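You will see chain A twice below: alongside chain B first, and alongside chain C after that.
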Partner chain A sequence: MYPTEFEYYRPKTLDEALELMKTVEEPKVIAGGQSLMPMLKLRFYEPACLIDLGAIPELKQVKLDEGGNLRIGAMVTHFEVIENGLIRENAPILASTAENIGDIQIRNRGTIGGSICEADPSADYPPTMFVLEASIVLLSKEGRRTVRIEDFIKGPYETDAREDEIAVEIIVPKSTDQYHVEKYARRKADFAVVSVAAIARTASDGSIEELRIAAGALTDGPERLKSLESALKGKKKDSVDLQTSISETVDALTPISDIHGGEEYRKYSLKMMLARVIKELIE
Partner chain B sequence: MVTVNLTINGKEYSGETEPRMLLVHFIRDVLKLKGTHIGCDTGHCGACTIQWDGKPVKSCQILAVQAQGANLKTVEGLEGPNGELSIEQESFREKFALQCGYCTSGFLMMTNYLIRNNEEMTREEIREKLHGNYCMCTGYQQIVDAVQDAQRKYFAQKK
Partner chain C sequence: MQGSNSSAQTLVYSEDGKKSGSVGKAVPRIEDLKIIRGKGGYADDIEFADQHYAAFHFSPFAHAKIKNIDISKALELPGVIYVLTGEEVKKITNPMKSRAATKSPTSHYILAVDKVRYMGEPVVAVVAKTKYIAADAIDLIDVEYDPLPVVATIEDAMKKESELIYPEIGTNQLIEDHFKFGDTEKAFKEADKIVKDRIRIHRYASTPLETFVTSAFYDQTRDELLAYASDQQPGRTVGSIESTIKIPQSKIRLIVPQVGGGFGNKLAIWQYVALVSLLSKLTGKPVKWVQTRTESLYAFHRPRGFMDAEFALRKDGKILGARLTDWQADGNWPYVAALYSLIKFANMCGVYEIRNLDYSYHSVATNDPPIVQDRGVGKPFMSFALERMMDKSADALGIDRTIIREKNFVPAEKMPYTTFSGEVYESGNYPENFRRALNFSEYHEKLKLQEKLRKEGRYVGIGIACGIEPGTSNLGYYFLSKEGDPDYNGAGQMATVEMVADGTVKVNMNGPEIGTGHVTTIAQVVSDVFGLEPEDIIVDGWYDSVHGHLTYAGTYSNAFNDVYLGAVMKAATLLKEKILAIAASLKKENVEDLDIAEGHVFRKSDSEKLVGVKELAKISYGRLLSFPKDQDPGLKITASYVNKTAKPFHRDDFNVQLTHSNSTHICLVEVSPENWNVKILDYSIVHDAGKVINPGIVDGMAIGSTVSGIGGALYEEFLFDEQGNNLSLTFAEYMKPTAMESPEIKLDEMESPAPNTVFGTKAVGEGGAITSLGAIAGAVEDALKPFGVKISELPIKPEKLWEMVKDTDEYKKLTGGAN
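The block that comes next holds the complex of A and B.
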């Protein structure tokens, strides 16, 4: 099906874009369009005005700030996340995550800002952003605010961004700890049936000094598995009862249940995946 | 209506379009370059794959107006100045990598990109890099053969 009619704007500066967001009727941002185009075709959205962020150079930059945090422009593509030297050096887990998204063609168009604003519960970036404790910078004519990823993603396809706000950059604290991202899908380009992102650091005496784990493909959106983290953190790696801790955490979750996998199957798979990922990280 | 000016295969084109027209339809129906196909219209099958600044993208997932000023390449841009087949096209013909041919222009645009931007690829790597392109006829064996063959030809040519 074809999208409904809309007016199209292609601002060349961020200021111009923010002005449009404030003044035009029913504005809708288009970034890479890899989620939005299918939605427009299904007429799930029927915006009066489409604001294309594709011609704004400021949104395509990757920088390291004084605090050592990565600042990734919202319009940086998945391809650039994989290739960018600064990202590979300061948050290699993010580059690995981007490799799991869709296929080469999708990764050349789709953007990091677009994926996070779409807030698809099975998307690849969110669990990784949760363990990195990233934040999103939102801009509007009213001003600028920075929102933690856990507060930004409010639920499936629901974010904290207001209608007149544009996500301009993602702030990612430097993280060079051991990491592992894993996604299971029936075919590689599909969204995850189960997904896990984790980072860990073990001390020289074999105790688990730092551990952050998040899961995706859950009914209410991605989640940090804090009960599992606290059950393991500070413990010696040989003295933990991994199976019991994992079971307790996963049994309390509600994975998505659909044609790609029922709840029971997804819970079972998530347990297996977590056991493997954590073992690999702490060994 | 909006006027879109862009470059395709090194030539400048200009056409009128509604903002909601897909790039694939603009290329086929307004500019009359019929080599690019449309299959699924959902971003899955890869039949509509073209190159944008040398990188493959799916033209059914892009609006024509977004391509204002863009530098594109379509399957028509592969052939030589006197209509000779490119190495990718030659390999696809020699290895029987097409039957109905519907998917072929998409696979050719991927092959053109992949053989130039990778070290020698294994069969597994080729399959993995082509998973955004579907072929309903061949069973993929011959397509993988053709990509390997085209890469060998490309490397030989470069020496």
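The block that comes next holds the complex of A and C.
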């Protein structure tokens, strides 16, 4: 519970931070510290230098761009995601997702950028980001690039970010369709045992016009359930065989198996959750 | 039984009804203001000059020989001043000894010598200038282990060819014993029905917010040890320091500041107090150790085990006799082997009349980590086993779960009631408590609700448990297997009450304040004696061994209400008598005409104030020339008190504990068919803890202990792999319920005063942990009746329930066969 020795930097501007990323030895970015601090204390990580992004004001802003997309600074806290008027109006599913995260203390300190970059396969944001088709903006001395979150999260705890890059912003397209986001965990503040995010729109004739579904707590990281989406999309809601479609999709997935639940149990539970969530959304 | 205890009992204030006093009122806790502002003053807040820090290398293996320890790199690290290994420990200390077991291991020291017996056993100690250097030094220590076969379960341990945890004993069974009471054989012969089950208990533990903290300074100029520790039983620790590291008791001063939660867990700290004291003695430096959270989860826990239970039943539900065989994997800290089995005698027949009973127990050493007397010790398992058997018996006989309980309660008119083994239930009305609980919980309305919800496809169940919560330990039950008079007992304590020279009343209960409201409770009772308000009394929450204590001084076993209040009241009463005698002499009055209130001694007949206490204190301490010749100056009384209902230990008649609260828990749960998670919809308790001094504090403990039971029933378990590795070393894996999982617990109080305590108070603090397990298990079983689920083990995890239901017809109906 005592970290190894490290140097600590708290830059006041993005330029200063990017310079440090290039010059110091083994830099590790710390955002809200809600995952990193326990890891440091357990000595799972032993970084030489820690770069704290907490003093850079522009990373804490939420804006709407000309295209109507939300631009959420990487250091915006979960609490702010829940409370922010722009987010609630333009991507209510995201505000609801943040409500599921941890407890009050975690939501006050943890950040959206930190959580996405940690890429915990059972974290709350990724399934929602997948159905929103959000992107992340990465910055380094070499330049700026924008990556779809689905491409950014490459696997459990693994992202597309290079060592000298800092995630600065999340771009979230406006989405006010029907949505449902849910996690099942035995304790409210835990990581998901089973999690689902979905958005849907039905046409006036009762057909499913738009449907995007993603699941978390999977071995290889969160996934868009494309086969399920295509099995249902365009169909009339009373003509679909929901149970068979869900079973086929979920049987091809590999949920995480650990002391909080084995693979088969999680598959069962994911099927049950999907059936209920989709039924609710298309009705 | 009804005998009086001491003069204190007859002197409880307010007999004339003149002053209502504060006893019985929910006075807000005086100590909270400091604690919530971060000014509690815990052991880690205390620093010596030139403070050094210890860290330990803990064994990563559950069972292994220590082949070689290389400490050279650690010693080279700047800031490291000393490294201790088992080699030195073996030379200069004595091994730890068993209490109950007749044969004690001779190879188990406070630091591992030659081999390790559990994952997390301390193997090497480092002393350094900072905590961080100490932690870095641990990473530089290279210990070469030679793994031994792991003895993971009781079944493994009992195999003939099993590896031995203690080869010098020749068996892994550290102790076993058999007791027979009444004529059980006849009962089973006459039974209409016999019900059997193997009921299991798992490993779980209390996890106080404050972990083990101890610091020590051995003063080489005076050859004296000064130690601080978050210790619940410091009286015993003083003796254990002497017996292990050989510092005489007369040269030890042990202080316990505010403790951040005890729960019995901190009865095990003594091994580390001895270790850190030894490190200080060897280095000449003050040394502190603050256990990390992960280290606190290595050990100490409750043991896992099982009980084979058999009930002989008459067809109307009457229990004619019982056979119980208890197997406990008591880890490998021989010190407390058998404890979890023997203490079960305190509630072995629960609230029921069972006259014929055979009991066998086996305490087995495995490579599980050591155990400690965690909240309720073996009594939660005893209650769980009994209540499961009550439900199973009812189901087997086809009678209602309420009827079988009503049929077997100890009748109120038999109080005080002596159980088959000699335990004396001093007062109580169990049938009435049960009836009130049925009403309070709206049991019959819940039955209707359950029927309605079942029709809607919801799995809702009701659970009932009735339990005994014993308090005050007549500790010598360890000697049931041995000859002679036990050297220790928990039925007495010593405390000090004084009026200082400015007239202020100060109390030192001289036991650890573990966060359970002692300061306020003592302020309440003492303020009544002196006619003051609780906030006028200064209560010192620190224990200091030099202030005088009995051998097993400490705050444990639900005993504060009995023995510490007994000692405090005795001292307060004697002090009051002395003050009145001095005033009578000074003012030429008859002492029996005088009383004290609001800072004055007054004449009772006309309320005439005769002398202020400030004045009296000044005279008593300083004006020795005008001080009455027939009195002694100074106003400080140290008194000791013992609950005289503690019996000697004869195998056919003994009592393990001296007060017995009781309660009925009724809960309503729902199991989700989507993930088989259990949600508690309603939880009601009718609690009888005798006379209550502070209902706010008592209700808080009843609720808190119930939540700890809910943790044990549904969430918490230390899991081990087949190599004995503890897989639950953070709170992400060891799942404590949080406020968000805790139901609102409804509480109603009954008061059946205990005749054998000063105020009529009884045990408080463990009842919920004891009784809730059975209520929750019963409710889940009831909810899943359509699936035929039977619950005989805990914790009730969703995945386990899913495994139990998934091959049933009801499940196939539910899922349409698609899953």
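In the analysis below, the second predicted complex is superposed on the first by the 283 of 283 C-alpha atoms of A that agree within 3 Å, B and C clash if a C-alpha of one lies under 4 Å from a C-alpha of the other, contacts with A are read in each partner's own complex, and residues count from 1 in each chain.
Everything that follows uses one rule, which is that contacts are C-beta pairs under 8 Å (C-beta built on N, C-alpha and C of every residue); 3 or more make two chains touch, one makes a residue touch a chain.
Quantities reported herein were computed from a predicted structural model and do not represent experimental measurements.
J.: Kindly say whether there is room for both chain B and chain C on chain A in the superposition, answering fit or clash.
T.: Result for chain B and chain C: clash.
J.: With the two structures laid over each other on chain A, which partner does A:T4 touch: chain B (first), chain C (second), both, or neither?
T.: Touch partners of A:T4: chain B and chain C.
J.: Scan A:G33 for contacts with chain B and chain C and give back first, second, both or neither.
T.: first
J.: Could you look at A:Q243 and tell me whether it touches chain B, chain C, both or neither (first, second, both, neither)?
T.: So A:Q243 only meets chain C here.
J.: Considering only touches as defined above, state whether A:A252 meets chain B (first), chain C (second), both or neither.
T.: In the superposed model, A:A252 contacts neither chain B nor chain C.
J.: Between chain B (first) and chain C (second), which does A:Q105 come into contact with in this model arrangement: first, second, both, or neither?
T.: After superposition on chain A, A:Q105 lies in contact with chain B alone.
J.: I'd like to know which partner A:A189 touches here: chain B for first, chain C for second, both or neither.
T.: The answer is both, since A:A189 touches chain B and chain C.
J.: Under the stated touch criterion, which partner chain does A:F79 make contact with: chain B (first), chain C (second), both, or neither?
T.: first
J.: Check chain A for residues that touch chain B in one structure and chain C in the other, and list them.
T.: Looking at chain A, the two contact sets intersect at 2, 4-5, 38, 103, 187-189.
J.: Can you check the complex and tell me which residues of chain A touch chain B?
T.: The contact residues of chain A facing chain B are 2-8, 10, 30, 33-34, 37-38, 40-41, 50, 52, 54, 79, 102-106, 108-109, 187-189.
J.: Chain A touches which residues of chain B in the complex?
T.: Chain B reaches chain A through residues 2, 18-20, 22, 41-44, 46, 49, 52, 55-58, 60-63, 65-66, 68, 110, 113, 128-129, 131-133.
J.: Using the touch rule from the top, collect the residues of chain A that touch chain C in their complex.
T.: Touch residues, chain A against chain C: 1-2, 4-5, 38, 42-43, 103, 184, 186-191, 193-194, 243-244, 247, 259, 261-262, 265, 268-269, 271-273, 276.
J.: Residues of chain C touching chain A in their complex?
T.: So the residues of chain C in touch with chain A come to 131-132, 135-136, 139, 292-295, 673-675, 677, 715, 719, 727-728, 730, 732-733, 735, 737-738, 740-741, 798-799, 802-803, 806, 815-816, 818-819.
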